[in-house]
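Both complexes below contain chain A, partnered by chain B and then by chain C.
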Partner chain A sequence: MKLMTKTLLSAAMAVALTSTAAHASLSDDKVKIGVLADMGGVYADICGKGCVTAVEMAVEDFGGTVLGKPIEIVSADDQNKPDVGSAIVRKWIENEQVDVITGLVASSVTGAVTQVTTDAKKIALIAASASNAFTTKQCSPYNAHWTYNVVALANGTVKPIVQSGKKKWFFITADYAFGHALEGIATKVIESEGGEVVGAVRAPLGTTDFSSYILQAQASGAEVVGLANAGADFVNSLKTAAEFGLTEMMDVAGLLVFTPNAQALDPAIAGGMLTTTGFYWDRDEESREWSARFKARHGAIPAMPHAGAYSATMHYLNAVKAAGTDESDAVMKIMKSTKPDDFFAKNATLRADGRMVHDMYLVKITKASERKSADDIFAIQSVIPGDQAFAPMLPECDFK
Partner chain B sequence: MAEFLGINLFGLFGQLLVGLINGSFYALLSLGLAIIFGLLKIINFAQGAIYMLGAFLAYLALQYLGISYWAALIVVPLVVGLLGILMERFLIRPIANEDHLYSLLLTFGVALVLQGLFTHLFGSSGMSYPIPEAFSGGIKLPFMYLPNYRAWIVVASLVVCVGTWWMIEKTKLGAYLRAGTENPALMQAFGINVPLMVTLTFGFGVALAGFAGVMAAPVYSVSPDMGSNLLIVVFAIVVIGGMGSIGGAIITGLGMGIVEGLTKYFYPEASNTVIFLVMVIVLLIKPAGLFGKEA
Partner chain C sequence: MKISKLSIVLLGVALVAPFVMYPVLLMKILCFALFASAFNLLLGFVGLLSFGHAIFLGTGGYVTGYLVMNSGLSPLLGILAGTAAAAALGAVYGKLSVKREGIYFAMVTLALAQLMFFVFLQAPFTGGENGLQGIPRGFLFGFIDLSDNLNMYYFVLAIFLFGFWVINRTIHSPFGQVLKAIRENEPRATSLGYNVNDYKWAAFVISAALSGLAGSTKTLVFQLASLTDVHWHMSGEVVLMTLVGGMGTIFGPLVGAAAIVGLQNFLSGGELGNYVHIIMGLIFIVCVLAFRSGIVGEIQKIVKRNFS
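Let's turn to the complex of A and B:
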């Protein structure tokens, strides 16, 4: 009899447990977010600790708990090394119950990490990477590529310049996957608009002196020089272009300019240049309000990946709440069926291939005379609707 | 346009001149290293970080103290040189009698700490430093536009290089120095304070890197990792030129600038490896370097 009672009791308990699980089942009774980024290297300013701050803000604004359980954040430095990044993420998922990964900066690291997350069926919220591979060649049902990509940059910046009649282009390209992808996509855009690429040089990553390349650009007979590079390469190449008088002879287009990079340049050099961004802090009241809060904590205005990391985290947490679980397939289904809408994501939708399509902005770097403060870096010229900025979905990446 | 064998000669002249400009900058950078590495036999891996420090000090001096570029050219090398003296006295001297690897690792550590500190304080994106008024604009040559500041880099580098070479190779002070590093015990017996001389020489070599940093600030991005990319190239130049040869480092610096410039023109993808290729070939044929004395 005693045994019987025991069995009954445990059965009852089991039923009770399963029924709570049906209400809200969070693995390990918490949601844990891993922020992986370059914390001290060349890309530290565009995501880095700022992305951790942005994710913390999202968690606090969400209320600190989801389905009555705590939300935790862990972060780590990937040193821009794919092997380091994927090892950290593997450890996070296998030993530390991390449910979702965000940050994700260098495209090479993101490529390695998304293989791990896909195998483990965990969601990767890509906030800072540029490559479009994560929703094409390496697409996965667990990728959500948030802020921007090379296609949006090329469409946003290159197309209006070609359409304005400047059809002959020369590229100074960073000699690695990101630069090649950017140059390739920009070339397609130029050719489809009736322009031509008259030449290109591939400068090794981390080149200090660009004067040789600037001379080659000057001699090319192009009307526009496209800088298919980023970070210090962008700053150094543009500085040299101005020094050698290139900016007076030809237009220069920076294909990827983050606000900290633009701030590192003398407005006399960079002022007037067009570029495309996924976010600018001074867009409207809503963006200013969030950016002021961010700056108060981080010490600098947000670059687009910071805003993207917040927006992606918020959308993820909302989806966990709506799904009543942190099980990735269920959460992703809701993320794709509800529209992200916050200070960052305008006219936004997370497509079935994981591409977050939203308004992008064609901006002009302000001249010194136009700057009202040190943070007054861009002036928005036009809004590029998401469907014009991003490429259509590939059928093989349609993860319904 | 003039052409020869399908090569645009104007373009080529431009590349040669740009190569010469970069070469004179390489010569300036390798000079400090050649003194420290060649004479004192200390492998100073912090030289690149000190170059970065020079550029940052110039930026900070202008930003917060209103110290102009010209004043910075004098003040920054003095401050950096003083730091170098402290570094030699308190960090390097205690391990002076150990294997060279110890000083290499120590200075590498110093470089990482400096780089990390500046990344922490100023971020990784870099700072902007304006080209001084007097050198804005440029000269229109038939084959290229030569910015005035680049011409100044060539002049200043050559003056400093030749001056240093003359001081070490032709003056009494230089003779003491060379003798002191060759046979310290004997020189000390003659009443020369060799440890003091070593400290001052180290300080001078480090100050040269600070000077190069100020020279670089207006044209390159002033960022924490600006030195780490250059350091290895500069080491290669010193090795190619030959250990201990000041003149060799200067001439090799100029030569490698031109070699690199031409590579950037004909096959840009190889531009950051060509100097190492030259190094391998030189070491295979002449292990002591182009101007080094066979041991």
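Let's turn to the complex of A and C:
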């Protein structure tokens, strides 16, 4: 009897659901999210498993279903290799009914993946990549570049340092798409402010011995050494710089510093350094609440790609619900016409070119004496409004 | 007669396979099977362990990718150009390396491959870590759309069969007999009046060209040429495929490539994704310790023992 009532009840619910969602159409009766990230390499800390956790949280907070159909998550390790990443995404889309891709860390991988997603007309929610190419020369109607990009980093970090009178720069650059883009944009900012770049060296991704690069920086006669790299590369290069006394001789600017990397460094080395971030956990009540939940599951405070992955997934799911379908063009239209607003996205809008413009933050890495807890890593100095942080839209990338 | 029956069955399986399995995975297996077979021609039939063979795979890939993208070459001409480039590089590297034997040969090939790796890393046309992205698959003979996975699969299968036929023909020709003689006893082959180095060099060039063919095809399948294909890891992987499948057997590299690629594909999706390299290492150790002649080699032994 009990069983029967249950069956009747669920049947009634099913009828109710199908009638409310009568016009809704989901491909394969589910929404499937693919999380692609470096799970074990130099960028594992900044996205990796944490991005999977963040997406899981978004799905749970959304309710686990959309339009009455389940939301599934798959994840994979791209090993920071474009061929591995694009092959996985191709398989996901062609063979496993994945509807949307997020995570996306190394810009080289993202470049290859967005070719595949664009060809297949699937949305890529880029949570961790830095290169600005995905909304400029490789722009696509299916890209949504969420957390930050190199333009925001250069405008946020480099500009105030040049304006303070330090005009001669030297770059240690990660030798691939992201590093080249960051160095290029930063150079433009420096030159437009009347500074000059006296030299640059390119270090391969995953370099462990930075000594020869640091020696070149020392010999360059620059006032500021810009580290146009990220993740473990940033940590290793800054440590080497400190060991060689470079940090005493000249200023070192980390152009892209994620909280886990700053946390891994001795505050005596990194303390006082200015950098730009798209998110910091200890910003307001809302961000603290989400970050505490994230930390309880992941074991560490969120870096900006984690928050970005959550925010992007949430915005996507809301758009699927509003559109009544998971068809990419319809969903993207709603994503661009509604404003993302959550603990991460402040004063935010997803522009027609796929750039998510939102408030960025100029932060200072705290010194040991200023830290109240192990997670007290950044102190927010100022808020950079989105339109000042990001470059204006290119006319050829205006996808209405 | 027995072998041709087996071949017909295998061909039948290959023809229907894309309807059962994911075509891109099958194409990857075919490309690596060709690469491993080409490598096996050197290791299994001449006894030369080239430890830099990935450079021919990658050279073929980069040249094809660049020409198809920037010169608007048709896919077939692009593959021909990539194969020719790999053959040319093989001719030079072969000339330099066949003079040495054993471990010295392996080290010379590795060193030469690393030289070329650095060129590919730094040369602007390869795109460095990004690789060449978004290479169009194009139209075969101007009208068969290769962006369709099924069309592409049969194109790749045709290329694979051609390459496999060339290898088979080489092994069973008088030239192949001399190669095997060199493998078994080099001084004796010399004493019979054969110019051993010329034979080795010719086998090296054939192997390099077919590796280039595999790389060119792989580039079109994945629409991408990247440093992975020229890295020494890839050179190691092809050794693994050949040994697991069965060195010196015709079908061994094919089975080895299918086993390794299939395993990578299987593991990358699951919880064990982070341990791919450890598991492959264990398989390699078990193979070397327990099945010295690889999967196909062991099967052949069993067949011989019980049925003949």
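As a convention for this text, the second predicted complex is superposed on the first by the 377 of 400 C-alpha atoms of A that agree within 3 Å, B and C clash if a C-alpha of one lies under 4 Å from a C-alpha of the other, contacts with A are read in each partner's own complex, and residues count from 1 in each chain.
Here, contacts are C-beta pairs under 8 Å (C-beta built on N, C-alpha and C of every residue); 3 or more make two chains touch, one makes a residue touch a chain.
All values reported here derive from a predicted model rather than from experimental measurement.
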Quiz item: chain B or chain C: which reaches more residues on chain A?
Solution: B
Exercise. Considering only the touch criterion stated at the top, classify A:Ala203 as touching first (chain B), second (chain C), both, or neither.
Key: first
Quiz item: Thinking of the overlay built on chain A, is A:Gly41 touched by chain B (first), by chain C (second), by both, or by neither?
Solution: first
Exercise. For A:Ala112, select first, second, both or neither according to whether it touches chain B, chain C, the two together, or no partner.
Key: second
Quiz item: Once the shared chain is lined up, is A:Ser86 touching chain B (first), chain C (second), both, or neither of them?
Solution: second
Self-check item: Partner chain in contact with A:Asn236 - chain B first, chain C second, else both or neither
Solution: first
Quiz prompt | Partner chain in contact with A:Asp175 - chain B first, chain C second, else both or neither | solution = both
Quiz item: Which partner does A:Ser211 contact after superposing on A: first (chain B), second (chain C), both, neither?
Solution: first
Quiz item: Looking at the overlay, does A:Glu94 come into contact with chain B only (first), chain C only (second), both, or neither?
Solution: second
Exercise. Would you mind listing the overlap between the chain B footprint and the chain C footprint on chain A?
Key: 40, 175, 204
Exercise. Under the touch definition given earlier, write down the residues of chain B that touch chain A in their complex.
Key: 8, 10-11, 14-15, 18-19, 21-22, 116, 119-120, 123-128, 130-131, 138, 144-145, 147, 149-150, 219-221, 223, 225-226, 229-230, 261, 264-265, 268-269, 271-272
Practice problem: Could you please specify the touching residues of chain C with respect to chain A in the complex? | Solution: 22, 24-25, 28, 121, 128-131, 133-134, 149, 222-224, 226, 228-229, 268-269, 273-274
Exercise. Note which residues of chain A are touching chain C in the complex, please.
Key: 39-40, 74, 76-77, 81-84, 86-88, 90-91, 94-95, 107-108, 111-112, 115, 175-177, 204-205
Quiz item: Where on chain A does chain B make contact in their complex?
Solution: 40-46, 48, 175, 201-204, 206-209, 211-213, 215-216, 218-219, 231-232, 235-236, 239-240, 243-245, 258, 260-261, 263-266, 268-269, 300
